[in-house]
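Shared between the two complexes below is chain A, which has chain B as its partner in the first and chain C in the second.
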Partner chain A sequence: MAQRERDALTGRLTTGHEWDGIKELSTPIPTWWITTFLISIMVALIYLWLMPSFATTKSLEPGLLGWSSSGELREDQAIAAAAQAPWRQRLMAVPLEEVTKDEELRRFVQAGGRALFNENCAPCHGVGGGGQQGQFPALLDDDWLWGGKPADIVQTVRHGIRNEDADSRQSAMPVFGDSLSKEQIGNVADYVLTLADKSKADSRAALPGAALFKDNCAGCHGENGEGGRDFGAPRLNDAIWLYGGSRDAIIHQITSPRMGSMPSFASRLNEESLRMLALYVHGLGGGE
Partner chain B sequence: MKGVPATASGRYRRIKTGLASLLLGWFFLVPFLRWDRGPDLPGQAILFDLPGRRLFLFGWEFWPQDLPIAVGLLVGAASLLFYATALAGRVWCGFACPQTVWTDLFFAVDRFCEHRRIPPVLVKITIALLTGFGFACWFTDAPTLAGRLLGGSAAPGSYGAVLIIGGLTWLLGVYAKQRVCLHMCPWPRFQAALLDRDSQVVTYQAWRGESRGRKRIPLREDLGGEPGGTRGDCIDCTRCVAVCPTLIDIRDGLQMGCIGCGLCVDACDTVMEKIGRPKGLIRFDSETNANAKSWTKTLPRPLAAKPMLFLSVALLALGAALFAMLTLSPLRADLDPQRNPLFVRLSDGGIRNDFLLHIQAREPGLSTLRLRLAEGEAGLLRLASSGDHAGSETVEVTLDQRELRERLLITRPAGADAKGRSPLHLLVQDARDGRLLGTVETQFWGPES
Partner chain C sequence: MPNHATIERSLSLLSMLALLVISIGGLVEIVPLFRIETTVEKVAGMRPYSPLEQMGRNIYTREGCYLCHSQQIRPFRDEVDRYGHYSIAAESMYDHPFLWGSKRTGPDLARVGLKYSNAWHLAHLEDPRSVVPVSIMPAYAELKNRDLDLTSIPDHLTALRKVGVPYTDTQIKTAIDDAKAQASGVDTDGLLARYPKARLGDFDGQPNRVTEMDALIAYLQVLGTLVDFRDARLDPGAK
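Moving on to the complex of A and B:
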């Protein structure tokens, strides 16, 4: 290593190296930069010590401050729950049918119900409650399979339909493809198609399907197809057909019926949430 | 006094003082004008209600969506400014601009305090803070604000506004003064495009003023002096320079620094009177006339083509704005289709569309409204919050705080044509007398087949 020497022109030290007669001035990193760098390292060490930084085999080692993002979320949720608590108490203090008469409470139910609906119901019934033809019934209309009063809706949401919950709404439409001939099923379908038409009220008794309908269908769907809510049997004398209202669709439904099911929400939603949700659905436009 | 122009007295000084008093009075007193709008609305005649996003102007209430009216008023005001400039030069700058009015006021303070043992800085600080207060008054209830500011119970933002506007007043009126006109303001840069040779501007009549000289030098013969006289009417007393608020010498000709305030005209006329020469060596005059070496000044030509162009634009814009103001809708109604789903099929075969109805009332006193569909449009109305499933031809709604937000369900009964898309008109009437307040146009959606 050559000798470090002072450059005559600039008055600064050289690095001491020499390359083919060229010497280089020593230009060390500025002190302020080094200082900042060291301070940054210290800040990082303190941060590692305060915040959760080291993973163990089970979880993160909590830092000295004990902070965690999930803890922060829980705190925020607790604050929100505390703010909602008086409203929830007020909601439970009045009978279900009277809740929406209180304008302030109605707004609370609307806002909370919308959030609950989007989280729990919208995947099947749609964000607007429009349902899905052939799959999930619309909740906006005035046709209800299991009843459209707030209490009915609470019951349906709490226990669901045709699921493993012991209290869920249960029913099953028999498969008539085995017991009736194709011709008979066609006759029943022709008869069902006349049910919504009031002008055919007298003439339809003469149809070949009339007796078959009375024997096989009227027990659940009613003499005039007015439906049976105890069994979730749809009305047949209206314009709403979940599985299609064409002759072919009706024949298909009689031959090998489709029936929807809905999960039980008893374990997911508490009583207040059930109320809010039911009243929100009730207020969509078809509530009874 | 250093930095303070000398006093001029005369016609333009009187106009300036009078106009400044009017404008300052307008600025400080108008927020205190009251206007009774009933119990729920502010009682201030002119109020820019920023939190409420509305502007109260006597009997009018403007909302953000009335912006075209503001555009009309602003275009009209700008065109009027162009008109005035094309006619008479920078009269706005010289007489009406807030920068001129406040700077002039601070100069007056300096002159007033000079021999009275009052520290001018205290008076100026008071004026600046009062200006901040006066400004804030336009945006909130003025008497309340005054009481709260003095009582110490006003919001921190109010003190901040007073301090910021007061500070700006100090910065522009006490510190920057003519620098604003010379270096900051964009208006002098493009006013040259508005002027022509017939515009009235402050003009030094060089033909009779030159050559300058002391009074004892003999006057030129063509001006009525002695044969062999060399001096023009200008005795080089520099009073015109001493009184100039922008510190220019008007005898160098028309220049960007001249704000057209006419104070040099007053100063020169005073001197001309004293030395017994005709007034008007410096005067508001057109360049054409000055070049023609006329002893009489020309008057503005308000009907010349270029000013008329600006005037017609101004009248058009102001007329349109006025028309819009006179035909302002008494309420605003929106009907937003809830498109998820597009339509609902009801069990009787009817087709229902769901809307979000939003009504804001502008006219005071509106409380109960009647909704119905236009003549010939089938459909039954129903508020989603009501339990009446059948719906009815008309629905009455009651506003809460002049506003209503409700889901409105409109049903075309079975048998009515609801195929595809069809126009729908909702009429909003005053329930008291059936007066039509507004019509909302939207679409009704039904099944494609």
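Moving on to the complex of A and C:
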């Protein structure tokens, strides 16, 4: 083992190791580095003491500050709720039908309702409520399946249509392919196609499908195809067709009906949100 | 530092001390794992996935949905406002592997269940832009043409049981029938007893087939719906 000696050039000690005449300097870790290292360890210990760091088999020790991410969330929510409270109280203080008479409140409902609509409704009904031809109803016309008053819309959004919510709107169109012949169904379709045409008001009674319509369809869709909102039965005497207005599409719908389903939003949206949403939809153009 | 030199020059002393240091590190990391099951608080309503949902989950994994969709609502106000209650540990307790994801190119799906109708999911998976014009999601129409591999279901459930999902012998034995019942909505009493809140129905519009589309939609429709968050006990801080 070689001797530890002082290096002439740097004035430092060597480690005493030597390889083929090359000697290794013993350079200590700088003081600033050691100090920073020790401070870091102390900071870590203080952090462990302040924040939730240790768990027993029973529970998590909360730490001196009592911080939790869910607690922070609750604080954020409380701040937001306090800021929104005056508006929400004003919104709930007036009857639903009169909310939009207050111009300020109308603007609040428009802004909040639009955000809620775009997140919850637009995927099916389209941004702006244009709907999806052959799939999801448009909401900006005056053709309502289950009613277009604000209270009707609140009810529809809250519980949905044909879903597992016990209060959802329920109805089912019978499968007429089982009970009517192809010829009869064709006749009914021909008759349905005349309903929108006022000029055929007198002549249509003579069509072969007239009696069939009266017996099978009028109960829900109305004598003149005006629709039945108790059953979500669409109006048939206008130019709006949810599943298509061609003869083939109507025959298909009579033979094996498609019926839309809408989710229940009762657990997702609170009372204020339901109001804002319903009034926004009501204001899209066709509200009653 | 003479002490250090002493340790370094004695092979047996160095080995013993190295072993001691590594043991401390090892114990601190390993011992808590013996009690890992106590770290997930049990929550009412959680159940293993039904066979059809589990197969849908496999398709979700296979197609890489988790690359663009997270399944983890963080406890921030903006996320809770948009997606619902933040995700809790128990909701992933039967996920092997979990599909929390780390990137949101599309929205979070942790609570997408029952947010849209089955018809919407079908239209959206067949052609995303038909319902969401700005979407950049690829179409998955092909799933509708692929029959679900029903025969492999019991093996999947058995494998999951080995890693801790409590499927019973009955559940494994009835798995194929349960999958068929859920995808048809017919004869579902047994299914619903074994898997409460399972969504029933012909998801893909083809009543006579059980396709991968059926399985995927059944899975999406159950996401985040099993725990009832109106139960105040779930939020220990909100007393």
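FYI, the second predicted complex is superposed on the first by the 253 of 288 C-alpha atoms of A that agree within 3 Å, B and C clash if a C-alpha of one lies under 4 Å from a C-alpha of the other, contacts with A are read in each partner's own complex, and residues count from 1 in each chain.
In the analysis below, a residue touches a chain if its C-beta (ideal position, glycine included) is under 8 Å from a C-beta of that chain, and two chains touch if they have at least 3 such contacts.
Small disclaimer: the values here were computed from a predicted structure and weren't measured.
Enquirer: Tell me which partner A:Arg106 touches in the superposition: chain B (first), chain C (second), both or neither.
Expert: Touch status of A:Arg106: first partner only.
Enquirer: If we overlay the two complexes on their shared chain A, which of chain B and chain C does A:Gly128 touch? Say first, second, both or neither.
Expert: After superposition on chain A, A:Gly128 lies in contact with chain B alone.
Enquirer: Is A:Thr156 touching the first partner chain B, the second partner chain C, both, or neither of them?
Expert: Neither: A:Thr156 stays clear of chain B and chain C.
Enquirer: Pick one for A:Ile240: touches chain B only (first), chain C only (second), both, or neither.
Expert: First partner only, chain B.
Enquirer: Going by the contact rule set out at the top, does A:Asn187 touch chain B (first), chain C (second), both, or neither?
Expert: In the superposed model, A:Asn187 contacts neither chain B nor chain C.
Enquirer: For A:Ala138, is the partner it touches chain B (first), chain C (second), both, or none of the two (neither)?
Expert: First partner only.
Enquirer: What is the contact status of A:Glu72 with respect to chain B (first) and chain C (second): first, second, both, or neither?
Expert: A:Glu72: touches chain C, not chain B.
Enquirer: Just to be sure I follow: which residues of chain A are touched by chain B in one complex and then by chain C in the other one?
Expert: On chain A, the overlap between the chain B and chain C contacts is residues 127.
Enquirer: Show me the residue ranges of chain B that touch chain A in the complex, using the header's touch definition.
Expert: Interface residues on chain B, with respect to chain A: 338-341, 344-350, 352, 354, 384-385, 387, 389, 407, 409, 414.
Enquirer: Help me check something: in the complex, which residues belonging to chain C touch chain A?
Expert: Counting only chain C, the residues touching chain A are 32, 35, 38-39, 75-77, 80, 82, 84, 86, 114-120, 123-124, 130-133, 229-230, 235, 237-238.
Enquirer: Can you check the complex and tell me which residues of chain A touch chain C?
Expert: Where chain A meets chain C, its residues are 55, 57, 68-74, 76-77, 80, 119-120, 123-124, 127, 132, 135-136, 163, 260-264, 267-268.
Enquirer: Residues of chain A touching chain B in their complex?
Expert: Within the complex, chain A contacts chain B at residues 100, 106, 126-128, 130-131, 138, 140-143, 196, 235, 238-240, 283-288.
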